[in-house]
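Heads up, the next two complexes both have chain A, just with different partners, chain B and then chain C.
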Partner chain A sequence: MSSQSNGVVFDTDTPMPHIVGVINKYVAHTFPDTGGDVKVRGFLTGAGNCREYDCRYERVCGYERVCSYERVCEYDSFFDREVCTTERICDRVYQCDRERICGFVDIDGYDQSAKTVVYAKEHVERYTLGSVESGTNPDFLLVYLTANRTKAGSQNARGTFKTAIPNGRRISGTGSTLLESAYRVGGSTWLTRIVSVYLVGNTVKAEFRHSNRYYDGEYTENTISCFGAADFSFMNDDISSRWGIDFEVYVGKFTT
Partner chain B sequence: MTKTLYADGSSGRVFIYNNASPPSEYDSVSGAKLSDLHFHSDLSYIGSTEIVQASINHPQRTRDSESSKFGSDTYKPRTGTSDYRLGPNNLNATSLFVVVYNGYQAPSGTRIQQRGESIRLVSVYLTSSEVRLHETWSTFDNTLYATTQTYTVYIIRKLFNKSGTAAIQVNPSGFTAGYGKLDTAYKYIRRSDASPTFYVSPYKTADVRGGGYKVVTADGSSYQSNTYTGSFSGASSTGVKV
Partner chain C sequence: MIKVRIVSTAADLTSNLTTVKAEVLEPFGEMMRVKDVVELEVENGVNLDDGELEKLVEEKYGR
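Now for the complex of A and B:
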C-alpha cells in the first residue's frame, strides 16, 4: 500500500513495529553509601605560627630594709618610775616571694591537611516493572523516564555527583541511562550509576547498577592548628543518592 | 504463501495474516497469534514521525582556580546547567521519541565533552510544545571550550486509537481501513535492515564495573571509560526506517 505523498505506507513483506503493552510504574531507589574514612597528616610548624597566653609564678628574692617601731622602757630611779619611748629600728633583711607573671609566648603549632577515601563497591538491584501476555515474545522496548534525584551523593572536595538528568522532565530511557558519575583529576571515572530497562521473556525489568573503585583523594584543607589536632570530621563523604523514577514502558513487537 | 485480508463491516476490524485459516481465529489478538499477523486494527501502531534537528553551540565554561601557598594551583569545582530549545514539538508531551546525539543513538545523560576532570553531559526532553536539551557542565582542572553538537530527535506519533466508521474505504485521496488504523495519510515505521534511520532493542545498552562504564548503543556504537573492567559487549537490535 502506498500513496503519492508518503511512498510505501505498508508492505506485508516488511515487518511493522507495534505496541503490545504499556507499563507504568514508579520506583524509588537508594544507591548506598559505600563507606569511607578521613585521613589526616600534620607536622610541627615551629615557633612563630602560634602564640599562647602564658602565666607563671617566679621566686623573687632581695634585700629589703625593714623598719619597725619598738617601745623601749627603762626604770628611772630618780623619779622612781618607768619611762618609755618609741624608737624606730631598721634592719636589712634577705627576703623571697612568689610573683605571677603573664604574657604571650610563641609555641609550636600543627600544620595539618586531610583527605577522604571511599571504599570500593559494586551494587545492583532489580525491580519488576510489569509483564505482557504470555507468548507475546516482544522484540523491543521504548522507555521514557521522569526522574527526580531527591538526595544527591557528594564529595566534600568536589561537590555533588554530576548528572544530566533534568528533575521532573520526560527523557528517553530506552536501554540504559547514565544517572550519575564522578571523576578523578585527569578525568578517570571512579564512580558511575546507571539504570537499565530490559526484557526477560515477557517481563520488563529495571536494574539500578552502581560501581565505584577505591577513591583515594588528594590532601586538602590545610589548617594550622595551635592547640591539638583539628577536627576534619566534616570532610566525611556521603555518596548515597536517592532517585524516584516514573517508568513509562512501551513494549513492542514486529508483525510478520 | 497465502495472505488473507479480512474486513469486518460491523466491528470495523481489519486484519491481514499469513495463512488461509478462517478469519475468526484472528478476531482477537493474542500473544501466540501475533507472529501470523501482517496487520491488525486492534494493535497499536507507531509512525507519522516528526524530525527535529538542531546544532547547538555549547559555550565555553571556564575553570575556577587560584594559587595555593605552596605555589601550585588549587581548583575549585564549578558546575551549572543550561537548557536549549532544539525545535517545536508538534505532537504532544507524551509522544514517543528517539534521540541521536551527534550521530550516535546514545543514552540520556550522555557525555559530549571531557577535558581532564571537567565534563559536559546532556539529555533531551519533551515539553508539550518544544523539544529541549538539558546540559549539565562541571569544571575542575580544565576549561571546557565551546563546542557545537548536532542533535536529531525523531518524535513518533502513537497511532493507538481508532477513528471514523469505515472498515475499508478507498477514494482518490487515500485508503483507510480498520477505523483509520491503516491509513495512507500515515507513514508507519517499518523494519529496515539496510540503512535504518535508527534501531530498537529490548536490551541494556550500558554496564558499569570498576567505577567505569561502557556504552554499546543500539546502533552498535561503543565507547567506554578507561576505568571500566567489565566485559559488556552489547546485544542485537533491529533497524527501522521512518
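Now for the complex of A and C:
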C-alpha cells in the first residue's frame, strides 16, 4: 500500500500489525492509607505569657487595739450597797486571721509544635481486564484510559497529592502511568502510585502499585496554650486515594 | 462443574500475603453465570500465576 507520493505506507511482505481484540473494563481502585502518627514537642513558656484568676487564703497577723465594755461593781459603804458602772477597757492584742485574696496571677503556658509521620508501605493490586481467544498470543497493546480521582489523599501540611492526570479525559495509557506522587521539601519523592497495563499470555492485566517510604515531616503546626497540652489529633493524615478508570485496550498482533 | 476466574490479586510486598478475589462460575444453559465471588488469602502467593491461583481457589471452594 502506497501513499499519494508513492511512498510505502504498508509493506505487506513484512509483519503487519493488526488488532485481534478490544477489551473495555472499568476498575475502581482504592490506594491504601498506610497509617501514621502525630509527633508533638513543646516546652513551658515560663510565667508571664498566661494569667489566671486565682483566689487563695492568706494568714494575716498584727497588733490590734481591742476594746470592750466591762461592768465593774464596788461596795459603797456610805450607801451600804453595791454600786456598778460600765467601763471601756482597751488593750493591744496580737491577732491572726485568714483572709481570702483574689486576683490575676502569672502562670506557665505551653508552647507546642507538631508534625505528622506516615508509615512505609509497598502494596500492589492486579486486576484482570479481560482475555483474547486462547492461542492468540498477542504481541502488543494499545491502551486508552479515562480516569477520575474520586477521593484524593492529602497531608495536613502539604495539601492534596499532586496528579498530572486530566480528570475524565481520554488519554494514552500504554505501559505505565504515574497517577499520583508526593515529594519532600527539597525534591525527593516519597510516594508514588502507578498503573500499568500488560499482557500475561492471552490475558490483559492492570496493576495498581502503591509505594511509599517512611515520611517524617517538618514541625509546622505551632500553638501557645494557657490551658494545658493542645490536641493535635486533627493533623492525622489520610493518604488514601480512590480512582475509577475506564480501560479501553486494543490487543494487537503482527502477521507472520 | 465450576470454573474460577481471577478478578484481582492484592499483596503487601512486605508481608508475603496475597489476597485473591475471584469469581466462581457455573454452567447456565449455553452460558456461564457468576455463582459466587470469593476472597482467599494466600501466603507466599506473590509468585503464583493465575492458573495456580485459580486451582487453589477451586480446591478451597470445592471443600
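By definition in this document, the second predicted complex is superposed on the first by the 208 of 256 C-alpha atoms of A that agree within 3 Å, B and C clash if a C-alpha of one lies under 4 Å from a C-alpha of the other, contacts with A are read in each partner's own complex, and residues count from 1 in each chain.
Just so we're on the same page, a contact is a pair of C-beta atoms (placed from the backbone, for glycine too) under 8 Å apart; a residue touches a chain by one contact, two chains touch by 3 or more.
In this text, all values refer to a predicted model and were calculated from it rather than measured experimentally.
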item	value
Chain C versus chain B on the shared chain A, clash or fit after superposition	fit
Which partner reaches more residues of chain A (counting touched residues only), chain B or chain C	B
First, second, both or neither for A:194, with chain B first and chain C second	first
Which superposed partner A:164 touches (first chain B, second chain C, both, neither)	first
First (chain B), second (chain C), both or neither touched by A:128	second
Chain B versus chain C as contact partner of A:203, first or second or both or neither	second
Nearest-approach distance, in Å, of chain C Cα atoms to those of chain B in the combined model	10
Where chain A meets both chain C and chain B, residue numbers	122
In the complex, chain A residues that touch chain B	1-3, 6-12, 14-20, 120, 122, 132-142, 144-145, 157-160, 162-166, 169-179, 181, 183-194, 196, 198-199, 202, 207, 209-213, 220, 222, 248, 250, 252-256
Of chain C, residues touching chain A in the complex	5-14, 49-50
Chain B - residues contacting chain A, complex	3, 16-18, 30-32, 34-40, 43-46, 68-69, 74, 77, 79, 81, 83, 93-94, 96-99, 107-111, 114-117, 119, 121-127, 132, 134-136, 138, 140-141, 156, 158, 160, 174-175, 182-192, 200-213, 215, 217-218, 225-228, 237-238, 240
Residues of chain A that touch chain C when the two form their complex	121-128, 200, 203
